[in-house]
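Here is the structure we will look at.
Going in written order, the chains are labelled A, B, C and D, and every chain counts its residues from 1.
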Amino acid sequence: MLDKTGIAKRIAKEIKDGYYVNLGIGIPTLVANYIPKGMNVVLQSENGLLGMGPFPFEGDEDADLINAGKQTITTVPGSSFFDSAMSFGMIRSRKVDLTILGAMEVSDNGDIANWKIPGKMVKGMGGAMDLVASAKNIIVAMQHVNKAGESKLLPKCELPLTGIRCVKKIVTELAVLDVTPEGFRLLERAPGISVEQIKNATLGRLIIEGDIPEMVIE
Amino acid sequence: MLDKTGIAKRIAKEIKDGYYVNLGIGIPTLVANYIPKGMNVVLQSENGLLGMGPFPFEGDEDADLINAGKQTITTVPGSSFFDSAMSFGMIRSRKVDLTILGAMEVSDNGDIANWKIPGKMVKGMGGAMDLVASAKNIIVAMQHVNKAGESKLLPKCELPLTGIRCVKKIVTELAVLDVTPEGFRLLERAPGISVEQIKNATLGRLIIEGDIPEMVIE
Amino acid sequence: MNKTVKNADEAIKDIQDNATIMLGGFGLCGIPENSITALVKKGVKGLTCISNNAGVDDFGIGLMLQTRQVKKMISSYVGENAEFERQLLSGELEVELIPQGTLATRCMAAGYGMPAIYTPAGVGTEIEIGKEKRKFIVDGEEKEFLMEMAFDADFAIVKAWKGDNHGNLIFRETARNFNPMMAMAGKITIAEVEELVPAGTLDPDHIHTPGIYVHRIFQGSNYEKRIEQKTVRAKG
Amino acid sequence: MNKTVKNADEAIKDIQDNATIMLGGFGLCGIPENSITALVKKGVKGLTCISNNAGVDDFGIGLMLQTRQVKKMISSYVGENAEFERQLLSGELEVELIPQGTLATRCMAAGYGMPAIYTPAGVGTEIEIGKEKRKFIVDGEEKEFLMEMAFDADFAIVKAWKGDNHGNLIFRETARNFNPMMAMAGKITIAEVEELVPAGTLDPDHIHTPGIYVHRIFQGSNYEKRIEQKTVRAKG
């Protein structure tokens, strides 16, 4: 079973040289730490920055320089600042190659729910609805099951939707899956996890064809 | 009768302190020369400049700095450059207080024709259609009659339209007129011009009420 | 073209009860601190505030929530704010949550004189309820979009880094965020700046918001520029 | 993220016959001189060119007209160009004239992922023929708008003053004009710059076009920067 770091490491392997990538809050933020050295990847922060760098050293933090999670950050050479309209403009026009975000539920047709739980205080969708509606490639980092052991990979999302038919790939503590027209296609098992365990943890349509390799993470 | 300079001088009197003004090609360009000293007026050039100044001194011309008529110009302190989308954005959102442009024909409901003569080579509307469709205050500088002595202030434009119901005021070699729901309202006569002459030169509905003063131009 | 006013009190003096105001900023970054303080002091009530976030309990728009000056918030994310939550649950505060890109683009639409825009954000979700949906072909594929209307705000209040007396503005880093679009969108736009310089000082190629969009400008003071989430890494 | 290519020939090498290309510039100001020369040299034919103007007889897009490489021009003003006129009258060249603001905004729409925009330009004129007209309430008044579609261009070719190897661009004075929107709008965007610098050299707050929009960049040479109408005043 993967921990959060493991999920982030596995997702980092999906990033290709030359990609512009938008990382959501939570596990997706961790992905930045595992992008292979020497690979040219530019991180977009939807509050108006291309070329996000790591957190600043203590004392170097700048109130004017934050990411979409409101954390103090730095820039890397080649960065640029722009306003929110242009930021979502480049998201809508599919200039961002890859969007990685968290989810509460994903359905086997690629619908995603990650912004609202009925009965709980709603904080808002922020930029998530824009991102999922426009991104050309969306990878979701999520837990396969909730604390009660119930599957979050469903035939149909039960929570209010953030976007429809948009998720392309899912990385959980148990597995890597593609979202296809026929449902979730199992690609890899987490270390020590059996196909049977993944089957039991998946309520949506699950396609298992041939041997499912265990994932390789350094 | 006014010459071109006279028309420009008369129009300049319509400009108020604090105005942002867009000047079209031809007579409107001359208006800039007669804005009273000390008045704060900013000229917008729709190719992407606020704060247009006079022509450069010989040898100071800069190929990167032109106005919408493609003439070399200068800037004044407080100027700013922007792209064409923002330029027409500020025009459409009515931030420009006054637009002054030429016309071939104007009708008594404020329609304007100034871009195309059937049978002649068409050069294009440039920014004129955007300006007339959006400007909150449009003053037209034009000749009252054509070379054949025919009125260009008509019940209905005969040439292809540039915009509809948009002209607010007209300054010609003969008169100053407002465009009202009832037609052209004669406000002032050019020096030496009689009301009768203006009547004869105007085919559209013309409202003449009370004494029509002769215009005062320094 | 001198648009300088003395201070925030003078800049906001004609903002009346029940006005709709836009406030720039993302989180606590790039917010018009001085103007918010002046609005609290003036005590104007029943405000509809269009702002990406609602501040925190004791800073930003949160200060206007404490004094119950806000009738309605239009935001994309209202975050961690106990008083906000209390007022929302008690029905004292009305909240309209809209996608962040939709918020930004509805501001831009107003500034660019476009009555409505189309965005795919929210298609298939509760956000589409009551909105016109329309299909367009994009890159050879049919895709659904929602028609979203340009905002109509009485005032926009923005914060810039530098400005001049013509109202030209330059923003710094990610403090730019919603400020330029809101500056374009307000019927009356008020800008507060950290440094106010005479016209002609700023490079015309560096100006983010041309002065034509700005009606009043003043140099603010005592900027706290609070950091919402200080995140650092260890040295070496 | 090195997007540098050697020169214009390399930058445009995959532009094929019948491509739709956007070319930045207003008049002869801010036009991609090197790329136009390379297109003439390559001899690619049947082009649809989206550009505010069509150059003059012996400069700018006029050079591509001389060699009959252009099938269609989409412009707002085609100005004084004898060869252009001859080809148009003889039916060799197709021309679509659209309002300048519509041209700019249709580029912006493409770059901002908006399938269509609404503008009042052309309402009541021949421009509205075949277009959807729609009423919106703006500032309390009903007003008509035309729906105009985002452009769909295979390539955008722009000219900037400075750029870096990430594709970040800075424009100079009114040479900015259509370049930023076209840079955003091309499926493939090619930028030629007067000065190419390493990433990290340009101030991130001064960048007009973020590199994400630019696919290829090169430092041009021998810029003529011809002046179309030299107007001067007497000294003293």
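Everything that follows uses one rule, which is that a contact is a pair of C-beta atoms (placed from the backbone, for glycine too) under 8 Å apart; a residue touches a chain by one contact, two chains touch by 3 or more.
Only a predicted model underlies this, so the values are computations on that prediction, with no experimental measurement involved.
> Can you tell me the least number of steps between chain A and chain B, where a step is a move to a chain it touches?
2
> So which chain is farthest from chain C, going by the mean of the CA atoms in each chain?
Chain centre farthest from chain C's centre: B.
> From the C-alpha centre of chain A to that of chain C, how far is it in Å?
28
> Just how far, in Å, is the C-alpha centre of chain D from the one of chain C?
32
> State, to the nearest whole Å, the distance from the C-alpha centre of chain A to the C-alpha centre of chain D.
Inter-chain centre distance comes to 36 Å.
> Multi-chain contacts only, two chains or more: what residues does chain C have there?
Residue numbers touching two or more other chains: 105, 112-114, 119-120, 139, 171-173, 176, 204-205.
> Counting only residues that touch at least two other chains, what does the list for chain B look like?
Touching at least two other chains: 81-82, 85, 88-89, 91-92, 94, 134.
> Between which chains does touch occur?
Going through each pair of chains, those in contact are A-C, A-D, B-C, B-D, C-D.
> Chain D touches which residues of chain A in the complex?
Against chain D, the touching part of chain A is residues 18, 20, 40, 42, 44, 49-51, 75, 77-82, 85-86, 88-96, 134.
> Flag every residue of chain A that touches chain C in the complex, lowest number first.
Where chain A meets chain C, its residues are 45-49, 54-67, 69-73, 75, 81-85, 87-89, 91-92, 94, 111, 121-130, 133-134, 160-165.
> Within the complex, which stretch of chain D touches chain A?
It is residues 1-2, 110-114, 164-166, 168, 184, 198-200, 204-205, 207, 210-213 of chain D that touch chain A.
> Could you please specify the touching residues of chain C with respect to chain D in the complex?
105, 112-120, 136-139, 143, 145, 152, 170-173, 176, 204-206
> Sort out for me which residues of chain C touch chain A in the complex.
Residues of chain C touching chain A: 26-30, 52, 75-80, 85, 88-89, 97, 99-105, 107-108, 119-127, 139, 161, 171-181, 208, 225-235.
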